[in-house]
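Each of the next two complexes has subunit A plus one more chain, namely subunit B in the first and subunit C in the second.
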Partner chain A sequence: MLVTKPVAELCALLIDELHGELPSRIFAILLSKGRSNLTQLAQYTAMTPRQVRHGLAVLQQHNLLFYHVDPSAEFASYEANADHAYNLVRTGKILEMVDTSFGPAAKDVMQSLLLSGQTRISDLVAAYREKIEQANQTAAIIGDDDDFGAETNGVNGDSQPAKKPGPLVKSTAHLNTLICRLVEAELIDVVHSKSFESPEDVLKTVEKEVMDKHFPAGVKGNKAKIELQERIAEGLRKVRGESKSLKRKLEQNGGSAAKRRKLVAGLGGANGVQDEDMDPALDPRQVIRINYEKCLVDLRNRRLAQYATDMIGETTAYVYGVLLKLLTKDLPRCRANPVMDAGDEKDESEKGTVCVTTEQILDNLKTSVDLSLGIGKAERRQVSSTAAEKIELYPPKKRVLIEEAEVDGEASADEDEGDNESSEESEYDSDYKAPATNGANGTNGVNGTNGTKVKFDESAAPKERRLDRPGQLRQHLLILSESTQRFVRHCGPDEWTVDFVPVMNSLREVELDSVIERTCGRQGLRLVRILRAKGKLDEKALPNVALMRKPELQQKMLEMQTAGFVSVQEVPRDLKADVKKSFFLWFCDVDRSLSRLLDTSYTTMVHCIQVLEALRQKERDVLETTKRTDVRGREKDTMRKSYYERYSRFLECERTLFAQVMRVDDLVSVLRDF
Partner chain B sequence: MSGRGGRGGRGGRGPPGNGRRAVAQNSVPWAMDSDIVLDGKPSEQFPPYNVPKAPLLSKKEDKQVSYFLLFREQCQDSPLYTQARSRMQASARTYGQEQLNKRYGQTTKATVDPFTAVPMYSHKFKTVPRTLPDLGARPFAKEFFPPELHATLEGDDEPGGGGPAAKRRRVGPKTLGLSSITSYKTAEELFLPGAQGAHAQQQGANLDKALELLSTVEKRNADGDEEAFLSGEDDDDWVKGNGEDDEDGVADEDDVYEDESGDDYNAEAYFDGNQDDEDYDEGGDEGGDYF
Partner chain C sequence: MASDSVGLDSVKSQILKDALYEEIKQHGSETRLFTQKDLIDLNIIPNNDVKQLLDIVQQLCNDKLLVGTTNHHAGLSWRWRSREEAKKYTSLPNDEAVMVYSIIDEAGADGIWNRTIKNKLNMHENVVKTCIKFLETKGYIASMKNVEHPNKKMYIKATLRPSERATGGPWFTEGELDTAFIAELEGIVFEYIKTKSAYRGSQPHTGGAASSSAGATKLPKKGAVTAADTTARGTKRSATEISTDDAAARAGGKSRAVFLPMPAGYKHYPTVAEIAKFIHDTGITNNTTLGEADIQQLVDVLTYDGLIEMVRVGRRRGYRVARAVKQDTVPFHKRQKEREAGVGLDLLPLIPGAEPLGNGLTEAPCGRCPVFELCEEGGPVSPSNCVYFLQWLELEDLPKAVAPSVPLPP
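Our next item is the complex of A and B:
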């Protein structure tokens, strides 16, 4: 993989921060020199082969390398995995995400896994067993102490349990369950023999295999070429699918655990203990590691929900979050690989896009969330229900006009007619209430009762209570699909889907806009928007369109040109290309400004970490003191006041700098990865 | 400038400059406007500048940063981390790989600071930085490493070719290694402010109760107990650290000293430190180590 200079620097700095100087040096060399073997690396870095071997081992353990051993050659050649190196900066986000969606214990497991790189399950279990035993022992000792203490003064006894919270992972069975959950969520996957082949190598081997097997006489004709492509894509998918073997095995063992859990919960015993017994024991020889691709999908969901919060409101965004979670359950990655997923796409259009029904969303909503919030009131005659209920079967580009019209008529017309007669005008909600949802409410009675119960507690107005949850949910979904950002597509009666590409494009544009506003002010943003709407505009025409004075405008445009948001094109009027006579056209190229923004972001991140390094140099005597074994852990007691102040100030700076890096990474992930 | 302008182009400069200078002489502000008051002050070196400030961290971001920092702390505690920094200064621009490589490997015996290299009492609390990752300390899934690294993973990759003696020595830590994956409790306590705060609060509550229930004498007794407990823990830590140091010392071929001015030989601080330590005297063996 090729990376730009700032990315290479950033990756090296991150590895330096987390894994030390030795691996970082080797990684930097691998990025700049490309594929190399051990002797070459030793030569480039001027280190001893022994040092290089150690560094490579660390990098490999943390999944930061690709390597390839040619059967004919005796040495392996190494390549840097820049994606994984960049993802190190997202560690905090991933851990926080796992913490909120799977609980602190799962976060603990994830953290150990991140910390140790690729790990055999048996090793992980052994490590946890030891930790649990240790914790038990110390608890016993403290308990003894406390008994003693209680006898003497009777103080410590009652406060003891709170003081020593047990280990987060309670037993190896608990650990097993946690790993199963994470594997099912695809956040953890299995390391297999091809995991560390670089994508190019995998492609090459698959190509060779296909050629040997199916086309021994060579490829002739267009048909054969297409077939070759398909077979290669298939082979690549097979290699990729190997990492999901553990998940498949879990699914074969009596369906998804989530389903079982729901059954258990339905019986009333939603206890963790019962769950643990039902999970199959994992093969201890399997080696697992974190799957960044899926983590990115989940992070994207969160980002989109945040976007919806900014644009619409919290309750709606919560609904959107649930919808996204359901929708992306089986989505392995944010961006489809052009080679591998070419065939997949075809399948997808045949079997129809993935969509979620209103009922599914309703089942997954927390009953404590009051859905009546965040919906506006409007006179029902002010709302055109035909337009609101419009069903779009196809993603924006592929839309077929005739079919759309047909579906339109079928879906909404008669339902609305029926409602028109039955409902009162004040209840604006009821005309969205499709008969189907009503039925659903009746069938899964558990949810219905739960919902009403909560509302009895919370809502004061009796009228509100009559608005049922499915109806309100539909309101939220319709708001989402009606918005200009096209958060959701209403792809069938009560079926919803998300077209990620246009939504992400609009999010990217919003990010760009906010950057423009911050650098060039509202005026600049306004000019950019005008240019976007009008296309290319002549220099002389622009003041008239923008209603601004010429000198001001020119200054602003120049400012934006230097920042890279707009550019100018010179079109000569005749052959002589006289400057006075030629046109100057202002235009803004969104893609170009986005890529420039991305590059600036990398540089900013590098800069932040470099500033941190400089700070460390400056405060080096303080930091040296904190590393001492007698000071470590109780800095406040042992250090002198001035030192401690300097130390805490440094920690504060460090926090701010890393926070800045993570914020910039938010931007980078929106621009590059989502 | 204006004085010389009158002499024309005689100063060795070419005649074309002549005309321009005459113009310049007449068009300087004070020549055109005699009432002008010249402000002879130099422009301010650091004019006030409105520095854009990032908004404060939200709760979520704060959590993310804490998790990242905790993770980093744990990483740096793990046996795979190479602590030694051989780089001297970061700022100089380098051209080419050779110059870049020269930046590293600068902290050797020859570059030791003679003022702090004198053995001091507090040096025994210093951890000797690892120059190479301690690969022998933990198990690996070897099938996913290229064959040429297998010996390294075992920890057999010694400069002398790895004699039987070296192998025997490595057998011990291999079993120890497992625990090291999970031994990051210290970092957690250090960097999760919530945990620390809770602990402190707990102690505060304890003391309050003690006030209510016990006489002052007994309370002091309780404090003493706590101290003893703390110092006991510390002792363990210290012993363990020392053990590791020894191992590292044998394993490392080139010694790296990273002595910075730790303010250890500051006479004034010496006495200040003693005053601070009054509270800890009951702790026993570590009366004079804090400063």
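Our next item is the complex of A and C:
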């Protein structure tokens, strides 16, 4: 992650919000001064070494710090882990995600982990044991799960009323099961010695090792260079793989249990209980932490499903969500590391891309979901099955400016098959032909009121509706693959895959577009999209394409230039460079706009938190009252009415602002991480 | 004898002249160029006598029935002119007028700038002026306006209509881009594509994935409006949210009219030709004719606006509405009428298509802040004294004095 000024500011503010001012200050110094040791830090911060150590311990506990002990030096040097610091903002989102896909109990465990940082399993078990005992003793106490970790900061707990009385985690065995499940989902991984070293340091050590071991005489020639690269990548992968050791062990021990769990995964926590005795006990000395990379994969799935909802419809998006979940089960991270995964990719193309079959998706769909919804009806002869079922074996090439030519070739090729030939299609398709079209006619909904002559196939009786579920599912998948956003690629007969890079690019573009549309109006959006489609365009040519008046257009372009969405290039016609005769070419650089958008987003988040801080200052007297032990928890009864009103309004604002930060983070994730 | 032969010659040449002229007319339009060889090959001149041909062509040129031009492919060549036109030339009183008229004639449908006339003929301005005035009163030429150079005074032959390049095509009325016309037409085309490319069905009101009885009833228009409105306002529902809805998956009873996407491979998405035909058939554009290219331009603009998208099914290139489910089921023109009647005036200005997507940035005050670049803690404008944020958080107890003088752009 590139740490720009707003990012640094944001990280410091986030740490301040969650872990207090001391670590925040140290973190800010570390970001601005770079790698430093204890004495340097004490000097920079004007704090005593004791205080600095305190702060560093907190940061270390939450994995916000890298350290490096050079064998030759006496001191350890520390470095800020800005990625993890930024991830703090995603805490709520991750918890919600775990809640929906693993159940509230798993969320509780996750929350404990988030609050206490990296934890030894035995400590976690002990904490829960105590809690469970306490709960058993005083069964009626509410909201005990929030108290865990209250020593770090209480602010976030305030707005979070406990939902159910009694502990969510019922026993230590239950806890064990939950951890196992989360580990298997890779949401939790193991901390090892290398996880505290910055990526650069790890790279350096690996490099040194490889050089010592395999190239003692130095690297000579291209072949050796390539080999060196491969060995380094391999070494790095090994380091990275260490954190998955626990998962591997679990898979070896309880393969069958894991398999079975995979089938019921997603059906909530209730089912987890049955597995208890089948899970191996975890090594209590293991230290675990949250694996943000995998969390991001799941968050991306959610975002993409949301995208599909926006673009197509809810039912289709639900199908898409299930597809994504199946597809990314073994995907460790959203973006492949250019060094480490270079070899991986090669393997992948050899063994073929990961794909999911229609059957698998069908097995994972909820039975309550009615797949007949969300698709229009059309007669069989109105639908060209050859076009719909087109199989694309390879991911799309990089987007070319003029895509027409390429598409033309393809289109003519499959046109030859024609519609009459549909009966001659290969066998795999013929099975699905009938249900596919029936599915379109399936629901006897409202008759088509639009001009197209939509009629109903009388033979498609309502009772058949449930039966042709695979066909309906296929319809949804085909819509996804036909969409202009290319949500899904039909990569083989009944096999589906997602090319994440182009889909994410389109999503990024959509985000940018919505910002442009909101700031510069629809006409601004029109102009930007014209430039995007046509490349650089002369100022004189623009009005004709955009069907806009010249003065209006010029004003709009200037407005957008100030906003940074488009740029202009002046090309003189001759050596004299007469301005009147020069060409003015407008163009838009999407990457630049996106990075600018990213920076704006960071700044917006910073502003939100600063506004909150200002509000806290303003309502200081009220907030101080609520901190009193006799008031805490009984605010409504003990506080004066006007005070309480101010307090509740403050809480309202706080919630709004945090929600806003989260929403902006949605954008940041799309732009940067997914 | 000599005079006789001259008289005979003149009669003969008159006959030849007419014959040649008629023959030339038969062999091509007024724009065709005839070279000397072409003329001889017409077999009018006896014995292919070049000298005689020269004679006769010269006479025809004098009568303004032939126009000599040089063309670098063919060399010297001629094209014919109709007798009525020739008469106009011959009726002109002086050479200046003839020259001015011929230069305007040559400019054709594009017209010509009066200063160009002056420069080309190298005449005094007054002479040109009087000539133009004379020609205008005679009704031979007319002044015109060119879109590309709205300030230049241009002239064109009165019998011609200004070319597309000069008028700017069907989108221009009197040299101005007719934005109202375009917007209206865009609305109609969009509405057409919307109804043709999406299926108008109904969906249970409670949630996307909820199952309901098949024969869902349609609500009266009014109810449908509000339902569509609430969804358009962006009640965000993620897929996972739906999955938690399991318990709520009971038949909702209520349903709303929505547009649904067509199944993949649908072959009847309207093409540009169909849209052009529709526009032609409705006769909305009674005094301007819109070709397919014009409609293509319009459709392209709609595509760039993100309202519609191109779909290729087989070789057919059709257009469909983007984000069908989010579209308003009430036709656009009805909405406009509602607006005129005073419904929903407090909302944003009416635009065709679905509610634009938003994200965290566009909703926060910062995303639309005019002083975003200046805003910094410790600066003259800072988050802690931000008035827009206070407005946004609805903290109304602020004194009126601090209220922003500049309203936040929408």
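To be clear about the criterion, the second predicted complex is superposed on the first by the 562 of 674 C-alpha atoms of A that agree within 3 Å, B and C clash if a C-alpha of one lies under 4 Å from a C-alpha of the other, contacts with A are read in each partner's own complex, and residues count from 1 in each chain.
Note that a residue touches a chain if its C-beta (ideal position, glycine included) is under 8 Å from a C-beta of that chain, and two chains touch if they have at least 3 such contacts.
Since this is a predicted model, take the numbers as computed values, not measurements.
J.: Figure out whether A:Thr600 sits in contact with subunit B (first) or subunit C (second), or with both, or with neither.
T.: A:Thr600 sits against subunit C, while subunit B stays out of touch.
J.: Touching A:Ala533 in the superposition: subunit B (first), subunit C (second), both, neither?
T.: second
J.: Is A:Pro216 in contact with subunit B, with subunit C, with both, or with neither (first, second, both, neither)?
T.: After superposing on A, A:Pro216 lies clear of both subunit B and subunit C.
J.: Does the superposition put A:Glu613 against subunit B (first), subunit C (second), both, or neither?
T.: both
J.: Regarding the shared-chain residue A:Arg663, is it in contact with subunit B (first), subunit C (second), both, or neither?
T.: Both partners, subunit B and subunit C.
J.: With both complexes superposed on chain A, which partner does A:His54 reach: first (subunit B), second (subunit C), both or neither?
T.: first
J.: Is A:Tyr318 in contact with subunit B, with subunit C, with both, or with neither (first, second, both, neither)?
T.: second
J.: Jot down the residues of subunit A that show up as touching in both complexes, subunit B in one and subunit C in the other.
T.: Touching subunit B and subunit C on subunit A: residues 518, 610, 613-614, 617, 656, 660, 662-663.
J.: If you look only at subunit B, which of its residues touch subunit A in the complex?
T.: The contact residues of subunit B facing subunit A are 52, 54, 57, 60-69, 71-72, 74-76, 78, 80-87, 89-90, 97-98, 101, 104, 122, 125-127, 132-133, 135, 138-141, 143-149, 152-153, 157, 159, 178-179, 181-182, 184, 186, 189-190, 199, 202, 205-206, 209-210, 213-214, 218, 221-222, 225, 229, 234, 237-238, 241, 258, 260-263, 269, 272-273, 276, 286, 289-291.
J.: Inside the complex, what are the residues of subunit A that reach subunit B?
T.: Residues in contact with subunit B: 17-23, 25, 29, 38, 44-46, 48, 50-51, 53-58, 60-62, 67, 69, 74-76, 91-93, 95-96, 99, 111-112, 114-116, 118-120, 123-124, 126-128, 130-131, 134, 145, 149, 153-156, 159, 162-163, 191, 193, 195-196, 287, 518, 610, 613-614, 617, 620-621, 624-625, 627-633, 637-640, 643, 654-656, 658-660, 662-663.
J.: Which positions of subunit C touch subunit A when the two form their complex?
T.: Interface residues on the subunit C side: 171, 176-177, 179, 182, 195-196, 198-204, 207-212, 214-218, 236-244, 246, 249, 257, 259-268, 297-298, 300-301, 304-306, 309-315, 322-326, 351, 356-364, 366-368, 372, 375, 377, 382-386, 389, 393, 395, 409.
J.: Within the complex, which stretch of subunit A touches subunit C?
T.: Per the touch definition, subunit A meets subunit C at residues 97, 100-101, 266, 302, 305-306, 308-318, 320-321, 366, 368-370, 372-378, 382-389, 407, 411-412, 414-415, 439-440, 443-446, 448-452, 454, 462, 465, 475, 478-479, 481-482, 484, 510-511, 513-515, 517-519, 522, 525-527, 529-530, 533, 543, 545-549, 597, 600-601, 603-604, 606-608, 610-611, 613-614, 617, 649, 653, 656-657, 660, 662-667.
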